[in-house]
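One structure, as structure tokens, below. Some questions next.
Letters are used for the chains, namely A, B, C and D, taken in the order the chains are written, and counting of residues starts over at 1 for each.
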Amino acid sequence: MPTSSATSEHQLEQASAERKIAETTFHVRYAETDQMGIVHHSVYPIWMEEGRSAWSRQVGWPYAEFERAGYALAVSELNVRFLAPARYDQLVTVRTYVRQVRSRQIRFEYEVVDTQSGQLLASGYTMHICVDRQARTTRIPADWLEQWSRLVLEQPA
Amino acid sequence: MPTSSATSEHQLEQASAERKIAETTFHVRYAETDQMGIVHHSVYPIWMEEGRSAWSRQVGWPYAEFERAGYALAVSELNVRFLAPARYDQLVTVRTYVRQVRSRQIRFEYEVVDTQSGQLLASGYTMHICVDRQARTTRIPADWLEQWSRLVLEQPA
Amino acid sequence: MPTSSATSEHQLEQASAERKIAETTFHVRYAETDQMGIVHHSVYPIWMEEGRSAWSRQVGWPYAEFERAGYALAVSELNVRFLAPARYDQLVTVRTYVRQVRSRQIRFEYEVVDTQSGQLLASGYTMHICVDRQARTTRIPADWLEQWSRLVLEQPA
Amino acid sequence: MPTSSATSEHQLEQASAERKIAETTFHVRYAETDQMGIVHHSVYPIWMEEGRSAWSRQVGWPYAEFERAGYALAVSELNVRFLAPARYDQLVTVRTYVRQVRSRQIRFEYEVVDTQSGQLLASGYTMHICVDRQARTTRIPADWLEQWSRLVLEQPA
């Protein structure tokens, strides 16, 4: 049946999109707040990094393995836009995906949302360059590059 | 039947002990490591604090409510013993319980373990004094004191 | 004498530029490193914030006063570009200045340099909106606005 | 003259005591506060560590050299007592000295004081064990051991 087939195709696309986006959820820690009573802005890069870790575990190529293989993704640029404050004990979810992969570079994007309402709290991106153990820029190893290239999310998240 | 009754009693005790101990599990974040390649020691107090938060949610008296009521638990002493290093991406579990409650004071104790093997990585305690919004030492409010007193874990964890 | 007058004018401009740029210097802390052996990228926003504090003390309008007056500068955007790694025990200098002031907004820019060689390690900016104690967007109070407007650095740093 | 000689001896002792104690002074960073409006307790171990770094630079045997030589001082125990809160922008001084040296162990002690009034804000100690690059416990190298042993502060600080 065409309809069900279309639905099924759509569902597959959805599932695929879902596989490309990792969601990790946790409570805001008390130490993450500052004297304004909200989460300090320097904490979001740490959450986004944990988003990358969660994404790498979900897609089956954990970043810890990448480092054991002798490589690292050095952060070359960091950007965060803050839309609404996060507070102690709040459940937040970080949605993480890859937006672009080049031979020596990868760009991750993130949304931090309130888990219950889905309200967008912050969005951001990080650019990374592949480096070796001597911190020299190098090509992303072929197997990782191939895998990451497949996981690029092209449509809007 | 005596046997089953004994078992049941034992199970109740177990359940009760379990209710007094909160366990919270998470992955070590990359930012928590230092150039020794292990988790920096200043991170454990943050994990222990998240252990207190988890405990307070589990027992149904969230610490966020305590602060909304106009009180806080200021840390008066912190102690951690480090037995084995924790590493990036490792799953760790913090076990948290109350060891002593006084009219103005509470003592929490903690174990940080490797989630999979159960290996003890660190243990510690924190002493807290109850303060009001002007940071003056004050009595723990009666309802909270009563509730916390019931939850003291007396046997060895 | 024209020559000395020109020199003097130039010196005044220099002095003025210097007053608009705050420099704060400190050693990299061990806790600020990660397992790559370099300073973690989430630390730079904290250094940049300390740059703002130093700037506000230098120009005689400390940010602590701003908060005591009932206002705060919430971070609405954060951007950092990383050019070279910083390492434990290295002396780094943060250069901070204001690039733009609007009625409800202020933009700070930063350079993080190696103190001894002057090598640029990172550059960045933060956008801030003025909020009151209830976290509502509000106008920057007139006296602060006037003072900050005078301190905008228009030429390239 | 006996008097001046006694004075001189006393002065030498003082100078010697001063050489054994390092003082490092800095402003409290905004990011170091929490929603109680005071410095979060997990920040003190970081200040104490910076105290150790300052001590090691002052005595001419920088800790960075120790690591380059293939060793590290792993923290085996951490203790802090909190007496009075520290606040954003406050100048604080960390006083650091060695209390005990053994073949594989060293104990540092700390006082954190308000720089202007001298008020004691917190005191603490850390125990460290010497480890090699494979994180195995090992003897402190002879030259470092000899040097550190000379610098033990025996009288009360």
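Operating definition for what follows: a residue touches a chain if its C-beta (ideal position, glycine included) is under 8 Å from a C-beta of that chain, and two chains touch if they have at least 3 such contacts.
Fair warning: this is a prediction, and the values are worked out from it, not measured in the lab.
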- [ ] Report the chain whose mean Cα position is at the greatest distance from that of chain A.
- [x] D
Task: Selected interface, A-C versus A-D, where C-beta contact pairs are more numerous - done: A-C
Open item on the list: On a C-alpha centroid basis, what's the spacing between chain A and chain B, in Å?
Closed with: 30
Open item on the list: Counting only Cα atoms for the centres, state how far chain A is from chain C in Å.
Closed with: 29
TODO: With chain centres taken as the means of their Cα atoms, state the distance from chain A to chain D in Å.
DONE: 39
Task: Overlap residues in chain C, where contacts from two or more other chains coincide - done: 30-31, 35-36, 38, 42, 45-46, 49, 88
Task: Residues of chain D that touch chain A when the two form their complex - done: 30-31, 33-38, 40, 42, 88
- [ ] Write out the stretch or stretches of chain D touching chain C in their complex.
- [x] 26-27, 29-31, 45-46, 49-50, 53-54, 57, 62-64, 88-89
Task: chain B partner contacts - residues on chain D that touch it in the complex - done: 35-36, 38, 41-46, 49, 67, 72, 74-82, 85, 135
